[in-house]
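Each of the next two complexes has subunit A plus one more chain, namely subunit B in the first and subunit C in the second.
Let's look at the complex of A and B:
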């Protein structure tokens, strides 16, 4: 999945919760108010869109700190 | 001017103190079967239809084997090693395995079948005819409605309510079923007849209803499925769910293999 598509899904989830859209990839997830439940929802929406379950390495997921890391993570797992 | 004369009768005072002292003694029915090394606090009441295992501690003002309002001849069986803190009331007709640990002011009604090492916090209550698995953890002010079924290693945090009347008040009953290793966070409300699949995570304040699949996260007052539980991660500490991978050390070592086996089973089911 393209990075822009992942970003759009993330923004859609934030819109739905009435929160500010993502504007800066270097923001930490905390600064962007992107919470654990949002992360899980983005994963669900991506899985629904690509029609398969995402398989990932737990260590990679644990390295996530910024919005850029989230985009990198989903970009990678949707390609693998 | 009004004069008030106060008199102090020493003999009456001594009588009162003695009476109060007697009231504080445990009142134990001779028919009760009590194991070895069981200790009783002040003013405990033990009814006759009771079997208490070894090494139990019964705190002040507890009532053990309270008569049921329903016809029941089954005794209250309280397994070994229980620690019942003050002001708790356990009704007759329940079967409770070893190492029950209650907070203060806990009520367990008749007909409950409870597994090993239930820990239940202050002011929580379990209504009748419930089935509760092993190593379940309930924090304070949890209400478990009549007939609920709860699996092993379930967590119910404070103020969680498991309801059972679909049209209150009525004689209808639609108990809740909670699968193994489910986590229900603070103040979540589980509507009557809800079935929560194994390993699911109910976020704080959620209102859950219907059939909730295994290993999903739900949140909000509509009980919306937010995603798979495996993506649930505390973003700051990067601690991930399911909890058994980072929190099994809070259980006795002898059950950790069992926790891991159930956790892996649930993960396999969700694939």
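Let's look at the complex of A and C:
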């Protein structure tokens, strides 16, 4: 899935909760107020869009700190 | 023997018959009822007049019987009843008994209530006239004509039949199962109906379909709700439309019988009712967050023992609120527990939400997320509903309980038990 598409889904999740849209990939997820439940919802929406379940690697997940990491993560797992 | 109000009327589309006339109608249809004495029976019926006349005849002959809508019969149910030595009699063609079941224990006066069977095959719950007559404590009731929306043979249907059989001045107007809301609309047009017992889901359909002005002008004096969790939003809405009506909600089940009647216009019931003293005819208690009932109106096999209802409840101040069923109504969101019934209750307080159902959706990382199905009223227009309702939930429930996935439906889904 294209990075821009993932970003749009993330912004949709934030937007409907009245939070600020993402503008800077270097922001940490905490600074962007992007929480674990938001991450799970984004993953669920991506799964629905691509029609298959995503595979999550715990070690990779633990390294996620910034919005860029989240985008990289989803870009990678949707390709594999 | 219970005193039957044989002069009360049942008003069908084309005629009105007293219970006395319905009994005669059934006797003519069935012929000699002596031939049924050695068998536990279920009368399969395909019309309201058949259902009501079969019931009237069954109790007048003191048979061991029940009523079942023909549409519910399939091979699995047929085999299930045969295993229990219960004979299905086609009411419209009962000239002879075929394939007689052997070995059934016959108890004259037993009335078999079949559960809806939503979680498997229906169960046969044993009642009798005494356990179904929960109206013996009703001293006076204004004369009414009750719209009867329930499917023949359900516990709620028997309750309405018992009301008309045992309480003076309580007539019935059966609805058409082909289109219940339309037949309710028609009965409002003819202004014959003054009372209705139904489910919140039925009312949500009515509120979406029938002209609001017509409802405001309807001569409805008594409204009874039950069969599902009765939320504050539907109580408030009905009170607004029918300000002079006597609105009550009843907690009842085919196994526990009618147990709690709430008349104060608030959802749930008063915590003061939690009283398990043995001398109380109806007692309720909470064990491990589940409601238990001991009622003289429970099924006859319960022998006045405590019955586990399977309903989850929670005490909020002086009120006991229903949170859903034990088997399917808890969403585990990353270890946190979200109750669909409480989320639905909040969503239903939104003026544009007609109906809501919240379920668990499997989700990566956290296990499950709440997912909502919603029916909006027509006035909602182009509202950005997902964003709007998400913000409506924020601050009123924990973050993990706010639905993440939303589906917007065109109409209220409703099953034959008038539930959704």
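Everything below uses one rule, namely that the second predicted complex is superposed on the first by the 80 of 80 C-alpha atoms of A that agree within 3 Å, B and C clash if a C-alpha of one lies under 4 Å from a C-alpha of the other, contacts with A are read in each partner's own complex, and residues count from 1 in each chain.
Just so it is clear, a contact is a pair of C-beta atoms (placed from the backbone, for glycine too) under 8 Å apart; a residue touches a chain by one contact, two chains touch by 3 or more.
All values derive from a computational prediction rather than experimental measurement.
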item: Fit or clash - subunit C, subunit B, common subunit A; value: clash
item: Partner chain in contact with A:15 - subunit B first, subunit C second, else both or neither; value: second
item: Touched partner set for A:40, first subunit B, second subunit C, both or neither; value: both
item: First (subunit B), second (subunit C), both or neither touched by A:4; value: neither
item: Subunit C region in steric overlap with subunit B, selected from 166-174, 364-372 or 382-390; value: 364-372
item: Footprint overlap on subunit A, where subunit B in one structure and subunit C in the other make contact; value: 35-37, 39-41, 43-45, 47, 53, 61
item: Subunit A-facing residues of subunit B, complex; value: 203, 217, 219, 225-229, 231-236, 238, 240, 271
item: Complex interface listing, subunit C residues touching subunit A; value: 333-334, 361, 363-366, 369, 386-387, 390-391, 394, 399-400, 404-405
item: Touching residues (chain side subunit A, partner subunit B) in the complex; value: 29-30, 34-37, 39-45, 47, 53, 58, 61-64
item: Partner subunit C, residues of subunit A touching it in the complex; value: 15-18, 35-37, 39-41, 43-45, 47, 53-54, 56, 61
